[in-house]
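Okay, structure first, notes after.
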Amino acid sequence: MNGSLTFLSVAPEIALAAAVVLLLLVEVTFKPRAWAWAVVAGAGLAAGTALSAWQWVAHRGADTGTFWNGMIAVDGFAALAGLLVFPLAGLGLMSAWRLAASQGRRGAEFIALVLLAAAGAHLMAAAADFIMLFIGLEVFSLSLYVLAGFTRERVDADEASLKYFLLGAFASAVFLYGVALVFAATGSTTFYGDGGIADYLAGTVIFRPGVLLAGLALLLVGLAFKVSAAPFHVWAPDVYQGAPGGVTGFLAAAAKVAGFAALARVLTAVLGARADDWVPAVAVLAAASVVVGTLLAIVQDDVKRLLAYSSVAHAGFILTALVAGRGGVGDMWFYLATYAVQVLGAFTVAAAVSGDRAGRSPLAHWAGLGRRAPWLAAAMTLMLLAMAGIPLTAGFAGKVAVFRAAIDAGYLWLVIVAVLATVAGLFFYLRVIVAMYLASPEEGASLPASPAVGWGARFVLAVAAAATLVFGIAPWPLLEVLRDALPL
Amino acid sequence: MEAGEVMVSLLILLPLGGSALLLAFGRRLGEPAAGVLGTLTVGAAFVLAAVAGGDFLAGGAHATHIPWFDWLAPLGVRAGLLWDPLSALMALVVTGVGALIHLYSIGYMKADPGFGRFFAYMNLFVASMLILVLADGFALLFVGWELVGLCSYLLISFWFEKPVAAAAGKKAFVVNRVGDAGFLVALMLVFAAFGSLSYEEVLGRAAGELSTGMATAITLLLLMGAAGKSAQFPLYVWLPDAMEGPTPVSALIHAATMVTAGVFMVARTGVLFDLAPVSAAVVAAVGIGTALYAASIAVAQYDIKRVLAYSTISQLGYMFAGVGAGAYVAGMFHLTTHAFFKALLFLGAGAVIHALAGEQDLRRMGGLWRRLPVTTVTMVVAWLAISGIPPLAGFWSKDEILATLFARGGAWRAVWAVGLLTALLTAFYMSRLIFLALFGERRWAEGAHPHEAPKVMTVALGALAVLALAGGVVNTPWRPGLEHFLEPAFEGLDLAHLPSGATQWVLAALSVAAAAAGILLAAGAYLRARRPAEEGPTWELLRRGYGVDEAYARVFAAGGQAVARFTDEAVDQKGVDGLVNGLGVLVRTVGERLRPLQTGFVRQYGLGIVLGAVALLAWFLSRGGF
Amino acid sequence: MVELVLFIIFGLAALFGAVTTVWARNPVYSALGLMLTLFSVAVFYVSNGAQFVAAVQVIVYAGAVMTLFLFVIMLVGVDRAEDRRENLPVQRPLALGLLVLFGAGVLVAGRFAWVTGAEGGRGAEGTVEALGSELFRRWVLPFELTALLLIIAAAGTVALGLFRRGEAEGGDEGEAGEGEEAP
């Protein structure tokens, strides 16, 4: 293999790891002000983004291959994941900046953990071996477990963290068991190349694929947990509601991106030869997620919890794209990218409304927001409309794209279910909007002090709104570009 | 882009731009500048439509496609406009009637704090409606469709401080969503069948490629959408409540334009309905059933605007019956004349309400003709028009629908008979309204000083009265101008035709007789010194609209909530919420009991994951065997 | 022959240790039983040629981890009577039923020919050299990347552990900050 690429293939991870180490060392040695953290973290993320961009320009579509003995892939898929995850981590940090800055010296660890989570997420997307994928998964998940419980003054943050950890460890174990079974069936943990899993499955007729399929099922469970698809979603509402407001957005957005990146590569590229087996299962998971997420979101009275259930439904919509196999990967990226920005924006508003450290965000906090903070309310309205799939927002274009992919794959019933859920979903998104504009705060209700929005959060909201509108009005250029974001 | 295309594009952009301007600067512009701006944009759009549509009158012009931009082009989703006689007619009606209503609103909304906002919404509404009618494919049609729904929500709950208005807006939105669900699924099916959403592709290829079953499925789902938007049974319940909005809104949205979207859509996709005779019959049945049903309810209403609302539903039913029977031209014709006289009726009612300082109850009006001469004259014109008295506009269009129904023979004769009965009822309830409101003894409160509306309002009334009076000339049996005009748009369709010769005269005489009978009955009952008692169980049933609203509230609202509650309680509260709520208490009771209970809950989650995993495993192993 | 005898002896020992771990009332006996099981399994590793894993098993698990366990037990107090009340009365019969089901499942599964695909065994030698060369040649990237996990562990521990000291104004008093969360 091309020797000069060996280190460049993991260059984004190296950049982030360097930033993390530098951050922690500088913190211990000089005890600097908060802006120094921002400089180091920003430099690390910028370097990671730049290196991903370089990988994208130089190696998208080109059959560059794998490095480090088939451990890591350099392809459009991985590069795009970097281009998505690193800026997302940057936005997440801006959104959480007030929270991080309020944590005293612990803020440095907070930032380090966000950077590590981003590195882990990119590793998950770029991994070309199940062992690598598992390490990426653990790097990513462990960072999030700690972040979920970062503000320990509230007992439910601790609770969220612990529950996330326990169930996440459980899901990881199931995933690992799946890896073991797939290894037993194919004799390899590597995805590509001679003797890799894709190669083996493409060239071998397996008469009794029980072990392979059992492994496949468990892999699916493990990754479905990460993306909070029903019925593996139970953790999401508790964790989103318990975690400190400032960090929930990043938690939700990054988990979706990383989980779906891994899922897409494993299913379409590695197990593509067994598509007939997994596609129906994925379709059922998608339908279940859409229905369960929508139904339960309707009855919520807490906005963060509502967004959590809506994220379950969105996991279903994204899975809908995967039903089309390789052909749906571009559509999946489009939905994923736009949704990640929307959910980050929505939780940023929630953090501003109910407080950075608060867990809950009951609907009562939102009453009359349209008068108290018109810009916040407008941003939230746009995010909610986009999530609901109103035309001329990116959410609509994304839904059209994934539905189209599923129709092409012959899954009309799934699309009909999803469309009905979309219609029903409008009710709960609208409920928040109605509360913001038409309801007035109850007499004597203890509203949090008037929403304070930091510059970081304002920037995040501006970016989210711009992206939602631009890609809603002219989605095609991006969709076209994403056609190149295919796994090897 | 040539001149014609620019004109048609401007048709939408003018009101849209006006709306944006008004939203941004409406408050600063103040009265009446904001209203003038709004009126001018719509008026200019009307002029453009008239100029651009003039070519069709000459008969030489072809339908033109105006591509706007490729929006998701490879998915077959393009944004473009289609300018043909059908869309031209609709555009003329929307902008013409719309401009007059804008003009009227300058007077009606005087001194309202939301003056600028009102015209911004109204302009947006006109723009949305134009997008809907000018779309060259289902995708853009749907965009307009949703925008129209949104605008109606905004305008119905314009006075959102009133809880009734806010609730009415929500109701309109929700009921429309029910229809939209069907509409969306229909679009999915269309896309699945043709791989495209443009009319050109879909309607052009339908005859060759679509199976009857698929056509029936698509059209029935389309009908569901149309029934939601055009307030047909069983999705009509939002329209009477929608009268909570300002009266010009009722005139514009809920009488003249928005509700016609469903009729227009059925006419536009006539090719598909042609392929599915069952659906066409269902359209006609729903239409004529709604017509009779709503007319009977209208007889017993006291709120002047509710009478008109039910009358709208009933008249829309006529149009549905017409297009369902293949009488597309007659349906569109009635749509046009109805827009004239119903807008006039609403604006006249608005003038009456305006004069009585907000009074809407017919029982507290009467004898107003002395005080409101202009309003009375124009209202009388509209009344005779809707009742079907020749030679006013309503007579020609209604008679054409009825005659076509009769001419198709067979079971359609029954539809015709119901239509005739409805015509009698229509004449009756409209006469009741006119007699109670304008004639007879005065019953309004002491101290009220009814006064004629300001000039801007009466000018609009007068213009509409002329249209209602003479609008029928565009399509008489002797000079079927509209039919020639619209012919290219319905090319290749199996159009129903009028009967000929003596039959036609007999039918016309019958419908005039029905109208006259209705008017005479009402005159006998309401022009006497003593008003009839109007009570008894039948009356009560009619007044409450057969109790359908209450039943809906009970069945759907409660049923839907029950489903949601069930999931909530069974799945969420015990499992998920129970944990969170219980946790606060639990954590504080530090002790031996804490740990086993807490792990118990997480175990429950774990169990959920395991069950899911087992289900997946079972699926995969059943696929692969061992 | 020697292998069979070893297997029988240490197999029984492993089972005995496992049962003791669950059954013993005194937690120290439980810990010792677990240690016995771990040792016996280490013997199996040796007899399968995986000397390195066996050594790791003895040093890390039987050595370090078990010592830690014993420390904790001593700190908590050996004399503390174990509470054997069942919170879920159906648990034992349910567990028994599931055990029977599991056994049946294993027996049934054993009757099928499980095709396990291609030859997997790389590094058949379980020696330190073989493992080392695998780890530092083929698997060097994952090995190095586990360093990230260690950083997370360190940073996470510091962050979560520092909290109480950092927030001196009430962190130690328990749930001072959660007044509004009360259900």
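Going in written order, the chains are labelled A, B and C, and every chain counts its residues from 1.
The definition used in the following text is that contacts are C-beta pairs under 8 Å (C-beta built on N, C-alpha and C of every residue); 3 or more make two chains touch, one makes a residue touch a chain.
If you're wondering where the values come from, they're calculated on a predicted model, not measured in any experiment.
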| item | value |
| --- | --- |
| Most central chain, Cα average position | A |
| Relative to subunit B, chain with the most remote C-alpha centre | C |
| Where subunit A and subunit C are represented by their mean Cα positions, the distance between them in whole Å | 32 |
| Subunit A-subunit B separation of Cα centroids, rounded to whole Å | 42 |
| For subunit B paired with subunit C, centre-to-centre distance based on mean C-alpha positions, whole Å | 69 |
| Of all residues in subunit C, the ones touching two or more other chains | 112, 114, 175, 178, 181 |
| Residues of subunit A touching at least two other chains | 155-156, 208-210, 212 |
| Shared-contact residues (touching 2 or more other chains) in subunit B | 583-584, 587, 626 |
| Subunit A - residues contacting subunit B, complex | 155-156, 159, 163, 166-167, 170-171, 174, 208-210, 212-214, 216-218, 220-221, 224-225, 231-232, 234-235, 237-238, 241-242, 277-278, 280-281, 284, 295-296, 298-299, 390-392, 397, 400-401, 403-404, 407, 412, 415-416, 419-420, 422-423, 426-427, 430, 434, 438, 473-476, 479 |
| Subunit B to subunit A touching residues, read off their complex | 70-75, 77, 142-143, 146, 157, 160, 166, 170, 173-174, 177, 180-181, 184-185, 188, 191-192, 563-565, 567-568, 571-572, 575-576, 579-580, 583-584, 587, 602, 605-606, 608-609, 611-613, 616-617, 619-621, 623-626 |
| Residues of subunit A touching subunit C in the complex | 10, 13, 17, 20-21, 24, 68-69, 71-72, 103-106, 109-110, 112-113, 116, 119-120, 123, 129, 131-132, 135-136, 138-139, 142-143, 145-146, 149-150, 152-156, 183-188, 195, 200, 204, 206-212, 359-360, 446 |
| Complex interface listing, subunit C residues touching subunit A | 112-120, 137-142, 145-149, 151-153, 155-156, 158-160, 162-164, 166-167, 170-171, 175-178, 180-181 |
